[in-house]
Structures are given as structure tokens and as C-alpha cells.
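Same chain, two partners: chain A is paired with chain B first, then with chain C.
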Partner chain A sequence: MVSQSTIKKLVEKKASNLPERLREELFEKLIHYSGKYKLKKAEIEAIIDEVVQEYEQALVEPGEAVGTVTAQSIGEPSTQMTLNTFHYAGVAEINVTLGLPRIIEIVDARKNPSTPIMTVYLDEEHRYSSEKAREVAKRIEGTTLESLARSMTLDILNMEFVVDIDPERLEKSGLTMEKIQAKIERSFKSAEIETEGTTIIIRLKKAKNVSTLRRLADKVKKHRLKGLSGVGKTVIRKEGDEYAIYTEGSNFKQVLKVPGVDPRRTKTNNIHEIAQVLGIEAARNAIIEEIVNTMQEQGLEVDVRHIMLVADMMTLDGIVRPIGRHGIVGTKASVLARAAFEITVQHLLQAAERGELDPLNGVVENVLIGQPVPVGTGIVRLAMKLPIKKAVKEE
Partner chain B sequence: MFRYTRFEKARIIGARALQIAMGAPVLINVPEGASPLDAAIVEFEKGIIPITVIRPS
Partner chain C sequence: MTAKKSFTIFDHVLVPEHRVLSEEEKGELLKKYNIKPSQLPQIKTSDPAVQALDAKPGDIIEIKRKSPTAGVYYYYRIVVED
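For the complex of A and B:
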């Protein structure tokens, strides 16, 4: 049996070029297994050697064209997704953009994804009962008069807007008629509100024409009575032994403050929101996770390191930038590289105006002018020692 | 430990093979009938090629 401190020393000595995290993991596993199988010192040494060798095998050599490989590795599976373009699959009753459209959305860093969704996890207190989960969902779910109404009519004769509230939905939403009346009264000073049982009648204070009434009605219909802006329907789903809330629409900043929500696990699929609320590193992780999930959904597997490279490129400036003309390619240092991509003339003219210099450091510009590209063997610079030491006499 | 990447290895052997092909003396005994490339590979493995790489600092 080898003591812990010897293992520690061995790991420190033999695996010194491994990253901290890996070394720790190796150490922990070694302790676990040396206890289990009574490993000898030589065996432990052999294991460490093996690990170090595997690690070095997994490293990318300097000069490797990782970007090209990434493009191919993501591009090829993407061609298999194109057939499923605009395919929607329901998570419960919520629509989610999947497949190629979603990948494009992520890579283009769209400000508003077409189907924003939040996955809200709950704190210890609300996690385990569907009742309590519903309670939290009520706080989040955006409720408008429209969503509560059984019928809405614009009575032109009496210049009234009559809304018949569905009592069942009212009950579910946790609102009361009085509360609704107060809410609307506070937000619409020009309106006169009257409630009768489950009916709400809205009139203009000063009788005007029908179009004014119609405009008011439209506004009142859409007025948020409760919940977070941007959030629509919520669905409660059981995940393992706890309940989680899925929302249509996303308002990440606000949802984290809602009592009952576990802010540490709650997430959204809107990457810009994550960048804003949690910071750029979180956004990077979100990009990776979203792409991996979308790929997995389609039954495709891409090595995470390719996706990590994409996410790194998108976030390395501290803001989320799209890949393409307006993002990464557009901010390349080399004029020729930019001109080779899109809007050639404009870039060349602009560069000429500014007197830009191109040091020809990148790949694209060297391809363009017909030089070896600084990648792979092209990046190696040779030097020869002269004179050669006495040559071995032959003949 | 200093190790050449596979790109560096290719470039060094390539450059050396070219020299040998153009008539440079071989620095070590090579097997009969070896091509310049074979000779360069043998030299590289022995570590006697007088060429190294400049790595960006």
C-alpha cells in the first residue's frame, strides 16, 4: 500500500505538465483505486506515465489548422440537418427552434432568438411539490386581459368594450376582479372601468369616436396584469424528482429575482441575455451548450473542442459577436482577408483611405497573393548551422 | 523535453533531402541505393541534420 503523500509526490513529479484540474483528478482517482486494488508503487508510476502519454497525444500541435478542421467538422453534420429545416419539436407544449435554423441563430448571435425559452429551476422549498411550483409559475407567467377573457366585444352602439372573464382562468392566475380593475384603472387614466360579476366594461371618460375606443381596447387587451414582460405561457414539467418550469419567452434578469426561483440553475436560450446578466464567460458556456444540445437533438456528434473554438472566437472580445460580415470576419486585422470575404470594393477603398498596412500574417491574405500559408509546415521557419561540423569522411 | 512537431519534422527532412539531392555530402553512412529522402530521414533520426527551427518567442 502506497501512502497518500507518496502518490501526491509522484503525481507532482511525473505529471508536472498536466493542467491543475487534471492533476487533481488523477490524484483523487489514484487514491481511490490504490485503496481498492492495493496498487504497488511501480503500478502507480505506470498509470501516471500512461495518463501523461494519453494527454500529450490529445494535444494539438502548434501549426495545426484548427479553424479549418472546426469548420469542416461542424459543416459536414450540418448538411445532414438541412433536410430537417424548420422542424419544430415540442418540449411539452412549447415550440422550440431546432436543427439548422437554431445553429444559424446561435452562430449569427441574433439579438432575439425566434423561440426564446427559459428553464426555471426552483429552490429547495418549492422544488418538490407541483402545487408550490405552480405558485412560482403564476408569478412568472405573463397574464393579460386577453389571456383571461372568454369573449371580448367592442360595443359600438354604447361605445363600450366588454370583456367576459373566464372564472376558471381567473382563479388559476391568482388575480381577482378587483385587482384587475385597479390595475387597469391605474394604467389607463382616460378610461372608465366597471365590473359586473365576471364582466368588465371599459368606457372612455370623454366620449370620442370609435377609432379611439378601438385603440384603447387593443392596448387594454395586451396590458400586462401580472408576471414578467416577455414571458408568455408556462409549463411545469417533472424532471427526476423535482419540478421545473418552462416558459415561452424569456426575461432572464427579472426571473432571477422572483421568489422561489433557484437563480443558480435557471437558464435561458437567449445568449445575449446571459451575456448581459451573467457575463461573457457564461455566454461562452451557453453557446457551447446550445450548439451541443442542438446537434445531439439531431443525433449528430461533434467534438466539443470544435464548438469551444467557435464559442471562444465569438466571445473573446468581451461581447458576443456573430460569425460573419458584421462580426468576426468584419473585424479581422488584415484588409485582404476582409476583402476576400464580402463587400470587396468597399473594404479596399476604405483601407486605401486610411492607409492601412497588411503585414500578411494570416492564411487568407497569403492564399490571395499566392504565398505559402502560415499553417502546418508553412509556419515552420528553418535555420541552418554553418559551417557544418567536420563531415564524416566517406569514400 | 524538446520535441519537433510533425510539421517541423517534415520541413527539416524535406529541406535536407533537397540538399542531398542537389549533391550535398551525406553526413552518415546510408544503406545502398537509398534515395535522398531516405538518407535525410536516416540523418534526422540520428539527429545530425545541421538544421533547426526558429520558434516564435
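For the complex of A and C:
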């Protein structure tokens, strides 16, 4: 019988080049089976050797075209995706871009996704009751006069803008008529505001001109009374034993500061916002997570390694770059590779202007020229070892 | 409430551990992989993680990434000016 500590030592010694995850798994399995079959030390050593050998054989070989494999591995399942799917499973009220359009959006690194969404998790205090979750949601949800109004009329005869507030919605939003009046008064100095019950009447102080009134009315309508800018509707959903808030629209920086929000787990689907607030490494993780989730949603499975490669390439320069003409392909060193992709003439002209040189190191340019491609066995170059002269140290 | 005030970006689930390498470690790293600093992936000085660590351009940052395939592995980025 071999003791656990010896097994541990053996694994550490013989399998030191294995990744942590594999080493742990190997150790656990060895313990299990050495207990079951009463393995000898030599047998355990043999097993470890075998595992290490298998691992080394499974590694990617030098010169393997991993990028091409990635492109195909992501591209093929993408053809099976439904072209347009909206609605989250479970959160039917909020529209979400999913499927192929979403993948394209991520890979193109769009500045604003077509349907920005935040998933807001709550802190210990607010997590378990829907009442408290609603409290936090109220702080986040953007409210305008427009969203509270039952009817709005522009009275040209009396030069007034009359807004009739829906008392039910007012109650829900947690605002009062006094608060609304104070808010508008503070933001619009040129206006005179009067409230009567649930009606708000807005007049201009000086200029008696219909077009100015109309312009003011438009501004007042859209003025944010509370909540975060950019955030619209919120939906509360139960996840396991806790409540989480989903928001239409995204304002990641601000939402982390809202009391009641758990800033450690709250997320947005806007990759650029994550890069800005949490840094490039977080953006990389977000890209991986978003792509994996989108694929899973469609019932497709792509090995994470491919997605990790994509995310690594996109974040290589410290900013999120799209894959395509304006991003990764556009920054390729080789003129011919760039010209072979898109906007050929422009690239060639520019290169001629600058006097660029193409050392023909990449794949595309060598295909173009008709030479062996530096991939796989083609990556091997011949080197000659010159007879080494004896060092002339001593005199 | 006290936890809220002390929130730094490194508490977030998406952010892995960052660490600035010392001069010796830098040399070792470059020697191990036989590379020049300019061949490393980059991270901008304006990056929130760099600002939190107060790293200067030219510093190398070690990132302890969690990976679904390998468990834990290290990635390196060089700090560059914006």
C-alpha cells in the first residue's frame, strides 16, 4: 500500500509539466484506484508516466494552424444557428439579440450592442425578498415624465403644456408630485411649473412663442426624473433562491455604485463598457462568456479553447479590437496578406507610398506567391551548424 | 455597507488577479520564452487594473487566469502608453 503523501510526491515530481487541473484529477484518481486495487509504487509510477505521455501527445504541435481550426470550428456551427432569435428564456419581457447576429456583434466589437442588457445581482440584504429587490430596481430604473403620463397635451391657446400623471404609475415609481415639480424646476429655469392634483402645467416665463414651448415640452418629456441614464425597463427574476434584476439598457459604471447592488457579480453584455470599467482582462473573460452562452442558447457546443483564442486575439493590444478589416486583419504586418483580404488597391497603394517591405513570413502571402506555407511541416527551416571556434580566452 | 465602499475592480468575478513583476522576474520571463518585451501582449496605462496597481509603462503584469481547461495559468502583458 502506498501512502497518500507518496502519491502526491510522485505526481508532483513526475507530472510537473501537467496543468494544475489535470494534476489534481490524476492525484484523486490514483488515490481512489490505489485504494481499490492495492497498487504498488512501481505501478503508480507507470500510470503517471503513461498519463504524461498521453498528455504530451494530445498537445498542439508546433506549426499547427490553430487560427484556421478555430475559424472553422466556430464557423461551421454558426451556419446552423437560427438567423434571428429574440427573447431570453424566462425573461420574455426583455428583447435580446441572440444567435448569429449576436455572435457577429461580439466579434465585430460593436461600440453599442443592439440590445444592451445588464444583469444586476443584489447584496446579502436585498437578495432574498422580492420587495427589497423591487426597491433596488426602482433606484436603477430610468423614469421620465413621459413614462409616467397618462396624457400630454400642448395647449397652444393658453401657451401651456399639460401633463396628466397616472397615479398608479406614480405610486409604483416611488415619486411624488412635489418631487417631480422640484426636479423639473431645478432643471428648467425658463419654465414655470404648477401642479394641481395629478396634473402638471408647464408655462414659459418669458418668450411667447409656440415653437419654443414645443421645444421645451419635448425636453421636459424626456427629462430623467430618477434612475440611471441609459437604463429603461427593469425586470425582476428569481434565480435559484435569490432575486436578480434584468435591465433594458446598460450603464455599468453607475449601477455598481447603487446601494443594494452586489458589485462583484453584476454584469453587462456591452463588452466595451466592461473594458472601460473593469479592464481588458475582464473584457476577455466577458467575450468568452458571451460567445459560450450564445452558442449554448442555440444548443451548439464549441470547445472553449477556440473561443479563448478569439478572445485573446481581440484583446491583444490592450483594447477590444474587432476581427476584420478594421481590427486584427487590418493590423497584419504583411502587405500582401492585407491586400488579399479586403480593399486590395488601397492597401497596395498605401504600401507603395510608404515603401513597405513584405518578408513573406505569413500564410496568406506565401499562398499568393506560390511557395510552401510556413505551417505544420512547412515551418521547419534548415540551419547549419558551423564548426565552433575555440574560445580565445587565454592568451 | 462597509463592503461596498472597499469595492475594487479585483473583487469582480470577471477580473483575474494582476501583479506587477519585479525587475529580476522580468528578466527571467524574457529569458524563459526567449522574447523581447515588445513581443508581449499589451495593456494600456489607462486600463483600470493598471491604474489600481499604479504600474508604469514598461512594467510587465502577470495575470493569474483561471481556465476551464488548464485550471490556473499565467499570462503576461506589458504596460504601454495610451
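Quick note on the criterion: the second predicted complex is superposed on the first by the 327 of 395 C-alpha atoms of A that agree within 3 Å, B and C clash if a C-alpha of one lies under 4 Å from a C-alpha of the other, contacts with A are read in each partner's own complex, and residues count from 1 in each chain.
One rule holds in what follows: a residue touches a chain if its C-beta (ideal position, glycine included) is under 8 Å from a C-beta of that chain, and two chains touch if they have at least 3 such contacts.
None of the values given here were measured: they were computed from a predicted structure.
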*Counting only touches as set out at the top, which of chain B and chain C does A:329 meet: first, second, both, neither?*
neither
*So, A:279: does it touch chain B (first), chain C (second), both, or neither?*
second
*Answer with first, second, both or neither: which of chain B and chain C does A:385 touch in the superposed model?*
first
*Which partner does A:263 contact after superposing on A: first (chain B), second (chain C), both, neither?*
second
*Once the structures are superposed on A, label A:61 by its partner contacts, choosing first (chain B), second (chain C), both or neither.*
first
_Of chain B and chain C, the chain that contacts the larger number of chain A residues_ = C
_Looking at A:376 after the superposition, I want to know if it touches chain B, chain C, both of them or none. Which is it: first, second, both, neither?_
first
*In their shared complex, at which residues does chain A touch chain C?*
19-22, 24, 123, 256, 259, 263-265, 267, 274, 276-282, 285-286, 289, 304-305, 308, 312, 315-319
*Of all residues in chain C, which touch chain A in the complex?*
1, 3-4, 7, 9, 11-16, 18, 41-44, 47-50, 63, 65, 67-73, 77, 80
*Spell out the residues on chain A that touch chain B in their complex, using ranges where they run on.*
61-63, 376-377, 379-386, 388-389, 391-392, 394
*Residue ranges of chain B in contact with chain A within the complex*: 5-8, 10-12, 14-15, 25-29, 50-55
